[in-house]
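You will see chain A twice below: alongside chain B first, and alongside chain C after that.
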Partner chain A sequence: MRVIIEEIKKDIRILLTYPAEIAFWIISPLLWVVPLVFQGKALIGGLQSTAFANLAGTGEYIPYVLIGGIFSTYMFTAVWSMGNALRNEMFYGTLEHILSSPVRPIYILLGKGLYNSLLSTFFVTIQILICVFLFGLDITLQKIVPIAFFLVLLMIGLYGVGFIASALTLLIKEAQGVLHLFEYILFLFTPIRYPVEVHPITRAVSLFIPLTYALVALRGILLGIEFDFVKNSLILVALDAIIVPVGIWIFMRIEQRTKRRGTLAHY
Partner chain B sequence: MNKIIFMVDEKNIVLTDLVKVFKKRRKDEVRAVDGVNMEIKQGELFGLLGPNGAGKTTLIKCISTLLIPDAGTATVGGADIQKDPLGVRRMIGVLTGGERSLYWKLTPLENLKYFAALYGVPRKITAERIDYLLDLMELKDKSHERVERLSSGMKQKLSIARTLIHDPPILLIDEPTLGLDPYFARFIRGFIKKELHDKLGKTILLTTHYMDEADELCERVAFMYNGKLTALDTPVLLKQSMSQEQILEVKCLGDLDEKAFSHMHEEMGISITKSDGLTYIHISTENPEDLLSRVIDTVRDHVKVLSVNVTTPTLEDVFVHLTGVSLKDDTTQRE
Partner chain C sequence: MVRLNKLTHYIRAINAENIKEWRIEWKYKPDFFRQFLAPFVYLLPFFLYGVALLGGRFSEHLRSLTGVGDMIAYTFIGYLIMGFLNTACWAMGWSLRKEQWYGTLDTIFAAPVPRWVYVAGMAAHSTCHQGLIMLLQAIVITILFSIAFQTSGIMLVFLIVALMVIGLYGLGVLIAGLTIGLKQWWVISEALSTLMLIVTPIAYPLAVLPVFLRRVSMLLPTTYGVMGARYLLLGEQINIGLGMIFIRLAVILVVWLSIGMTIFLLMDRFGRKKGFASLY
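For the complex of A and B:
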């Protein structure tokens, strides 16, 4: 536990030396919403559409997209932060010193995952506050507990995704392209920008991604769209139970492989 | 101060037929460590001497569990590197040359706190231990400055403090003075010898390609070349193995290579090194006086002879005698 806490403290201290990075994560979801708003207006002449309401269960396009953008921050910081965490250690020259310490690397990654969760929660809180004041997003204390519940379930699954992203970095070193691809796939197959019901393939693939269920639940809570609380919770728990062990297994296999091939600290 | 006590074997590091092979494209392979056998006793300061690319760092990485060997076994303080890697890591401290082994955006204090947690130093002695190490490395007044603002020598001192944070009984030190100015290099060498070895009684495996460093510090030295150990003994006995021989050193201005001496095959152990625009010819021979005129005749049309010296063999000369290459050469097989 102490290692995990020290890992979080270390990463926070390093992040604080890069203020531009903090500003980027705070404003980026809000910035990418604006073009979507203009796009919608240009296409249909406004922000209300019957087709959209039929698919999404709500006609409120801006809150719909904002919620998708804001909560997908968890997914993207998990992919980018955990994916790049070991790469950063390679650049610092500290990776081998960490890995020659008597701590299993998975605990260090877990520390990085928890750091990532704290970071995302900080960003999301600021983004939500901005939305409350700018767009009149309605959020009450009653909504916070179920929101937190689904976020925890989402984050646990994301640690598994983060372990896989870290393993990819160990394996191919320059994983930026793969991480970008992963990001685009998520945009395509999860209801971040649009309801996945828009196409049978997006709907089918989205069933295997935890973010789908988390976004359905979070939108349901925040926008009053009807959803099955128990079903979404159970599916998220089941996906977490699969993704986390698989992520750990993949990471450990690839760590052993890099130790055999001698490519651990290559970059 | 509380001490972390480890169970240690009398033979702290034992390598048996250790092999590490790196696969290259087209089915080629490089045997970076090729059947190494070695035993290092508790409290011994042992040097591994070889040119760049000899396999020294690969060997250190195998011992520190960062690489998995392809054959053979290694135990560190009785723990097997493959069966009990965590046990091995608890007993070792790894120090490498070069600056980048710390978090530059953090202060020395923050770095040491982090590594103390990583190495399981009990909370109640962490502050005391950090204070002791910062004092020992003369870094107390820099403890709140970011590492990126420290000089190279200070960074290396801090790296030593990091290596010692958990008071490991066994130290693996890889090229510790690489890139340091003479003042800090001297400090580091003195620290390794007097503090770590003489006073604290650590078992130390030191790799270096600086002959003086190995000669000055180590009780026993092994020569490593192309992944194999070519000799292992005390520096004195290694040098005595060439006791009949003397070294004829000719310092010249101009360029010259070993082809110029192709007609003198009977005289073994010719090495030519270049430094600061000068060429140095070293020839090991039993009769330097007899050889001198022939050497001068050979080089006079190519270079200007500045000085001639006859010396006793150094470790470098023994290495050249045994392997035919200089410690300053890059013998990397992987490129």
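For the complex of A and C:
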């Protein structure tokens, strides 16, 4: 537990050294939505789309993409921060010290994961507050509990994804680009920007990604779109139960492999 | 004669940097091949978003605004041209920070060439690399989505894109300069590229932007690059002539390069004076 707390403290200190990063993560997910709003206006000339309503359950595409943009923050910080965590330690010259300390590396990663969860929640809260005050998003206390419930389920699943991303960094070293690609793949196959029902392939692949169910549920709660609460919760729990152990297993295998081959400190 | 020797010396250094970068990239093969795949995965969500809104590929409203009804062709040209933004924001901006992470920044800075030469080397490398990626992307997407282009003005399109890219070098040099002082380069790169992606009429015409953003848009080389390319390749209706596009691009090129170089040289001098060039 002490290792995890110390890791969180260290990451917070590093973040506070670069305050521009905090402003960036708060504002960017909202800015990423803006081109989609303009594209929508250019394509349909209004704020409602019948074709969109047939797929998404709501014709109002702006709140749809806004919610997708806000909650995808969790995914980005998991993929980016956990994926780059070990690479950054490598660049700082501290990776070998950390991994040779008498602590299981998984606890260090867990610390980084918890730090990301806290940070993402902080960013998302501010983004939602911006939407409440600027765009009149309606949030009642009644909605906060189910939102928190789905967010916890989402974050657990993302730990698994983060472990895999970290393992990937140990394996191929220059993983930034691959993490970017991974991010694009999630954009393509999850309902961040559009309902995945738009194409049979996106619909099929999205079934295996926890973010799909979390976004369906969160949009359902916030926009009043009909969804199956129990079904979405159970699928998310089941996916978490698979992804987290798989992520830990992959990380441990690759970490042992790099240590055995002596490539841990290789660039 | 001395000047010519100096220039040759710089060009050799730029080329050495370019080759070094190719070699480093080739060392990380998964990432090297990923760079050719990523633009496709990046582009598809924009197409699918359009399809979700329209229920198909063609938009009557887009046709009424631009004269082009094919949402896929319209969006594709925009994002294809914007690929060069990566050269400025990522490759050039990242150049010095990367050397710092590798632990080679001080060694490189001690070499007998001005520091902008390294950034120029990265620009040369990234332009070649990005050009190859875009060529592949253009061939695959055009065949896959059966996009029909007007090919009569293709040489002018290359000229417009070349002017736009040189203008963007100014932005790249500026980001590299800011990185010396502000260190966390990717925040600057990401913030500037996000703003440019919003203001440039990539997947929508200028007409849908609020007036103040339209004014900002007129100061960007990417606006003229995208508009000019779409005008020549798809016959988009635009409210300025082709001649004016060239004139404005030339002016922007001079202004952006001057601002970029000035800030780079100022930050470099400031960094050396304060002694934080190699600080993290």
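A few remarks follow.
Definition applied: the second predicted complex is superposed on the first by the 267 of 267 C-alpha atoms of A that agree within 3 Å, B and C clash if a C-alpha of one lies under 4 Å from a C-alpha of the other, contacts with A are read in each partner's own complex, and residues count from 1 in each chain.
What we mean here is this: a contact is a pair of C-beta atoms (placed from the backbone, for glycine too) under 8 Å apart; a residue touches a chain by one contact, two chains touch by 3 or more.
On a predicted model such as this, the values are computed, not experimentally measured, just so you know.
Aligning the two structures on chain A places chain B and chain C next to each other without any clash.
In the superposed model, A:92 makes contact with both chain B and chain C.
When both complexes are overlaid on chain A, the residue A:256 reaches chain B alone and has no touch with chain C.
Annotation: apex chain A, arms to chain B and chain C, angle 80° (C-alpha centres, rounded to a multiple of 10). Number of chain A residues touched is higher for C, counting chain B against chain C.
Of the two partner chains placed by superposition, only chain B is touched by A:100; chain C is not. Looking at the shared chain after the overlay, A:3 reaches chain B, while chain C stays out of its contact range. By the touch criterion stated above, A:126 is placed in contact with neither chain B nor chain C. With chain A used as the common frame, chain B approaches chain C to a shortest CA-CA distance of 7 Å.
In the superposition on chain A, the residues of chain A contacted by chain B and by chain C overlap at 92. For chain C in complex with chain A, the residues that touch the partner chain are 27-28, 30-31, 34-35, 37-38, 41-42, 44-46, 48-56, 59, 61-62, 65, 71, 75, 101-102, 182-184, 187-188, 190-191, 194-195, 197-198, 202-205, 207-209, 280.
On chain B, the positions that touch chain A within their shared complex are 20, 22-23, 32, 58, 61, 64-68, 70, 86-87, 89-90, 92, 94, 96, 98-106, 110, 113-115, 117-120, 123, 146, 162. Those residues of chain A whose C-beta lies close enough to touch chain C in the complex are 18, 20-21, 24, 28, 31-32, 34-36, 38-45, 49-52, 54-56, 61, 65, 91-92, 172-178, 180-181, 184-185, 187-188, 192-195, 198-199, 202, 267. Considering their complex, residues 2-3, 5-7, 9-10, 13-14, 17, 92-94, 96-104, 108, 256, 259-262, 264-265 of chain A touch chain B.
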